[in-house]
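Across the two complexes that follow, chain A remains constant while its partner is chain B and subsequently chain C.
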Partner chain A sequence: MNSYINSYEVACSAGDIKALMNSIYEKKTAVSINTSFIEDTPLGLGQMKYDDFYDLLAEVVQKVLDNSKLENFHNTLLILGSSVGGMQESEKIFFRDKNYKNLDPRRHSIHVLSDHLVDKFSFLDSRSLSTACTSSANALLLAKRLIDVEAYENILVVGADALCYTTVCGFHYLSVLSDKPCTPFDKERGGMNVAEAIAALLIQNTKDKDSVELKGVGASSDAYHMTNPDPEAKGAIASMKAALDDASLNIDEIDYVNAHGTATVANDKVESLAIETLFNDVYVSSTKAVTGHTLGAAGAIEAVISCEVIKKGLIPPQTGLIELDNKSINVPLNSVAMDVRNVISNSFAFGGNNTSIVIGVCS
Partner chain B sequence: MRKVALKIISSHKIYAPIKIEDLQEKRIVPNMMIRRRLTRNAKIMLYLSDKCGFKDGKVVYGSCYSEIQESVKITNAILEKSSISPTSFQNSVYNSAPSYFSLINKDKDEIITISSGLYSARDALKTAALQALVSGQRVLCVATECLNIQNIQEVNTCTKFLESGAAVVLELDNDSTNAIDIDDEGDEGVINSVQDLVKVVNMHQRGISTIFIEL
Partner chain C sequence: MKLYIKSYSSYRSDKEDIDVKKELKKRYKLDTRRQDGFIHLGVFGAQRLKEESQIDKHDELYITTGIGNIDVLQRTHLYVCKEKNSIKPYDFINMLGNTTSYYIAASLGVCGKTIFQISDNFTFINSLISIYASINQSKKDAILGSIDLVNYPDEVIKRVLGIDEDVEVISSVNYQKLSLCSKNALAEVEFDAKTHSLDEIKAILNDNNTKILLSMRCNNLDYETYDKFFETAASCAINSYIKKAQDLLYVDCFEDKYKILRLKSLS
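Entry: the complex of A and B
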């Protein structure tokens, strides 16, 4: 059974999907400089404007429903991927009270986000998963497999992560944060930007006239180090190869790689090596230069971006790039208009967790 | 809804009111540098996977609160305006335990971490069933919780055991004649996010070798 992406929406620092794609093609970053998370330390962060993260989450999902042919989600499985879940709210209460007495344990973990959506939309069933920065990419992986085996007809995949002190300060102490908007693949890159976002995609076993196909999924583990990727890029290559095999595509049928591209030295070096090893001159860029790294939401938001790239027939340029570090990969400085048949989108995470997704025009 | 029949190859469970003793870390993880970095969830997972005789293949891990001990260290450090240990931060992600399993056993296969609240073990089993179905391979399904943090009594109303874990190795069974749905009551006091796996372990101990899991 084939899987079709029939409706989607995002909320991120650049705005909704329309605003995000405009920013990507105009090479306009939505990352801003913040000094409130760590005193006297400017950090580039991808922050959204909202009163309540849960309301925004429901708003994004409602838009996906409104743009679909479904009347409701009663026959839809919800799979949500997040790296922090309810951490933002827990931190707020703990920093205020300095104890746990007013913390609700049911509102701390990953599932608080999916529970909120189940209450609001009465999904058939739900599950939530958390593999750090591959969370929503793995949600897409499970969705495709569940449709493949004819277990479900409709699956809503959501990636959602809100900014919180734990992630911003944690990455700061790993010394990988940039004080400016990040510049993936640039020789003078200064590190990554932590960001927040929500992205939702309706995956179905039926094709609409505007469908994009979720053609292949692949995953692997580096088994090398908890935070550093395997320098030989074996894990990244394995996940991309597995996704291509699943899609029954060869490398020449991929027109664009939407890279994980966090702009850390470790990631960019290894991902460039993986792409250089596997592909012949394919276009590559990282949209994290516009959105920042949205952590557990990254896989879903970049899957939505990949759908838009295919529909528009326009390869995104690399925002922030001045001088390419690894000149063996093809990173465009300007948008490239072409017939985009298939896109591969990468997500890599702590623990050496790698996931690649192939999205393309319907076969 | 599709049901899958799965053969239970091996299983094990363990829990303790405060802390599980003798997880045989020195034998299972001879490398001291890695052993010192392991989280409690990782130690329990490594112990359970060792008991199940599983070292290589697809892993599905479930936990509601996962590395809450590391998260507590980080939020305390932020509150006290002190520095955060990079090890604590890298260990704070929900997939830490299975990632240590992968690192130690050089397992390069897929890892999925489910965190569906108190249904984490149930959903881990559903995901393991899917992985077994699509791959035709044996899959390790494991759930752990380690809630032994300072002042946990301020919020704990859901378990008598602050550390718990259960694991099963499952394989697709094309003969579903003897397969039955999960029918065990589980063990009283074990947190619900581990309980569904405890039930499967109990069924295996009762001699049941094939179960149905709804995808």
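Entry: the complex of A and C
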């Protein structure tokens, strides 16, 4: 069974999908500098404007439904990828009360976001995955596998992560955050920007005229170090190779790599090595320079971006790049108009959890 | 959907009085530093599985849990908020689900795919479905670890689980090595993505000749109930019946929907 992406929407620091793609092609970052998370410490963060994250989550999902041929989600599985789940609200309660006595159990764990959507939309069934930065990429991987075995006909994949004090501080004390908008693959890159986002994609076993195909998924586990990737890029290479094999595509059939590209020294070095090893002059860019690193939502939002790149036939330029660190990879400074047949999108997480997704024009 | 169970391991805190961290250091000679109780429990179960079976480095690793590790969140928020200390990097890293998967993968020597799946409904059955879908394509074996950790005082955990204060909660870790191949299998487990209504499940159970066991959520059915409540109890129940070489029909429930597991002993 083939898997088709038939409807999608995002909410991120740059806005909805239309606003996001405009920002990407105009090389306009949506990351802003914030000094209120950590006192006297400027941090580049990708923040959205909303009153309630759960309401925004439902709005994004509603838009996907409205843009689809489905009347409802009663025959749809929901798979949600998130690294923080309900932690934003639990934090607020804890910081207010200095204890968890008033913790709302329905708004705490990882799966509370999917529970909220199940309540609102009566999904057939639901799952939540939490593998940090690969959460929603793994959700896409699972969706494809479940359609392959004909377990479900319709699957809504959602990636959602809200900005939390805990995560911002955690990354800060790991010394990986930048005090400016990040510059992936740049020689002087100074680290990542934590961001929040919601992205939803409807995956079905039937195609329509605007479908993009979810052609292949691949994953690997370095188990090299709890935070750093294997410096020989074995995990990243394995993940991309697995995705290409699953898609039955050759290396030269990939026209664009939507990189994980967090702008940390470690990730970009290893990812560049992996791309250099596998590909020959393929276009590469990271859209995290515009959105920031949306953690658990990254896989889903970058899959949506990949779909748009294919539909528009326009390779995104690398926002923020001044001088390329690894000159053996082809990172464009300007948009490139071409027939984009297939895109590979990478997500790599702590602990060497690697996932790659291949999206392309329908076969 | 059907999977074959090649080996298994089980631990319940109410059945065995073990200091898990000490056991990891003394018996398995593992470094336990910078890890928390949840990780220790997961690695402990994995080591027990390793004693029972051959682990291939390309085996896929799935870890599932009902609520993960609340303790690390509480503890971190306590010292950040109340004591105004900065977050310790290892506490932050340990909050992430794939950190547990990393330590387990490293202890088993596996480098295949690792997934951390969490849910409050049909936790174990849904993980089996995910594994089936994945290894149907990869043709690899898979290792499924189901971890539930209780921290004391257990008031918060009980509230998150939605259970009464007088219900006892326990820690448990259970593993199975799963395959599509029946060779040397101890048991086969059959399951479905389909959920059943109460009437449907009653009809299925009426027609059934196998031993029936219900999760503690199945309030509207009149059969034997598993003796303890934790989200991954199905995993422990399955293992106990594999040990007894007996067949089992296990029923789980969530919000008036039911799913079943059929275990058939091959011993």
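Simple rule for what comes next: the second predicted complex is superposed on the first by the 362 of 363 C-alpha atoms of A that agree within 3 Å, B and C clash if a C-alpha of one lies under 4 Å from a C-alpha of the other, contacts with A are read in each partner's own complex, and residues count from 1 in each chain.
Please note the rule applied: contacts are C-beta pairs under 8 Å (C-beta built on N, C-alpha and C of every residue); 3 or more make two chains touch, one makes a residue touch a chain.
Nothing here was measured: the structure is a model prediction, and the numbers come from that model.
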Check chain A with both chain B and chain C modelled on it and let me know: fit or clash.
clash
On the A-aligned overlay, A:Ala132 touches which partner chain: chain B = first, chain C = second, or both, or neither?
both
In the overlaid three-chain picture, which partner chain does A:Ser83 touch, first (chain B) or second (chain C), both, or neither?
both
Going by the contact rule set out at the top, does A:Leu174 touch chain B (first), chain C (second), both, or neither?
both
Considering only the contact definition stated at the top, list the common interface residues of chain A for chain B and chain C.
83, 87, 90-91, 94-95, 98, 100, 103, 105, 108-111, 114-115, 126-132, 138, 142, 145-146, 148-149, 151-152, 165-166, 169-171, 173-174, 219-223, 226-227, 235, 238, 349-353
With touch defined as at the start, can you tell me which chain C residues reach chain A in the complex?
1, 34, 61, 67-68, 70, 73-74, 76-77, 80-82, 86-89, 91-93, 95-99, 101-103, 105-106, 110-121, 126, 129-130, 132-134, 136-137, 156, 159-162, 193, 195
Please output the residues of chain B touching chain A within their complex, sorted ascending.
1-2, 37, 64-66, 68, 71, 74-75, 77-79, 83-86, 89-96, 98-100, 102-103, 105-117, 119-120, 123, 126-127, 130, 133-134, 151-152, 154-158, 215
Chain B partner contacts - residues on chain A that touch it in the complex
83, 85, 87, 90-91, 94-95, 98-101, 103, 105-106, 108-112, 114-115, 126-132, 138, 141-142, 145-146, 148-152, 165-166, 169-174, 219-227, 234-235, 238, 349-353
Contact footprint of chain C on chain A as seen in their complex
77, 83, 87, 90-91, 94-95, 98, 100, 103, 105, 108-111, 114-115, 124-132, 134, 138, 142, 145-146, 148-149, 151-152, 165-167, 169-171, 173-174, 219-223, 226-227, 235, 238, 246, 349-353
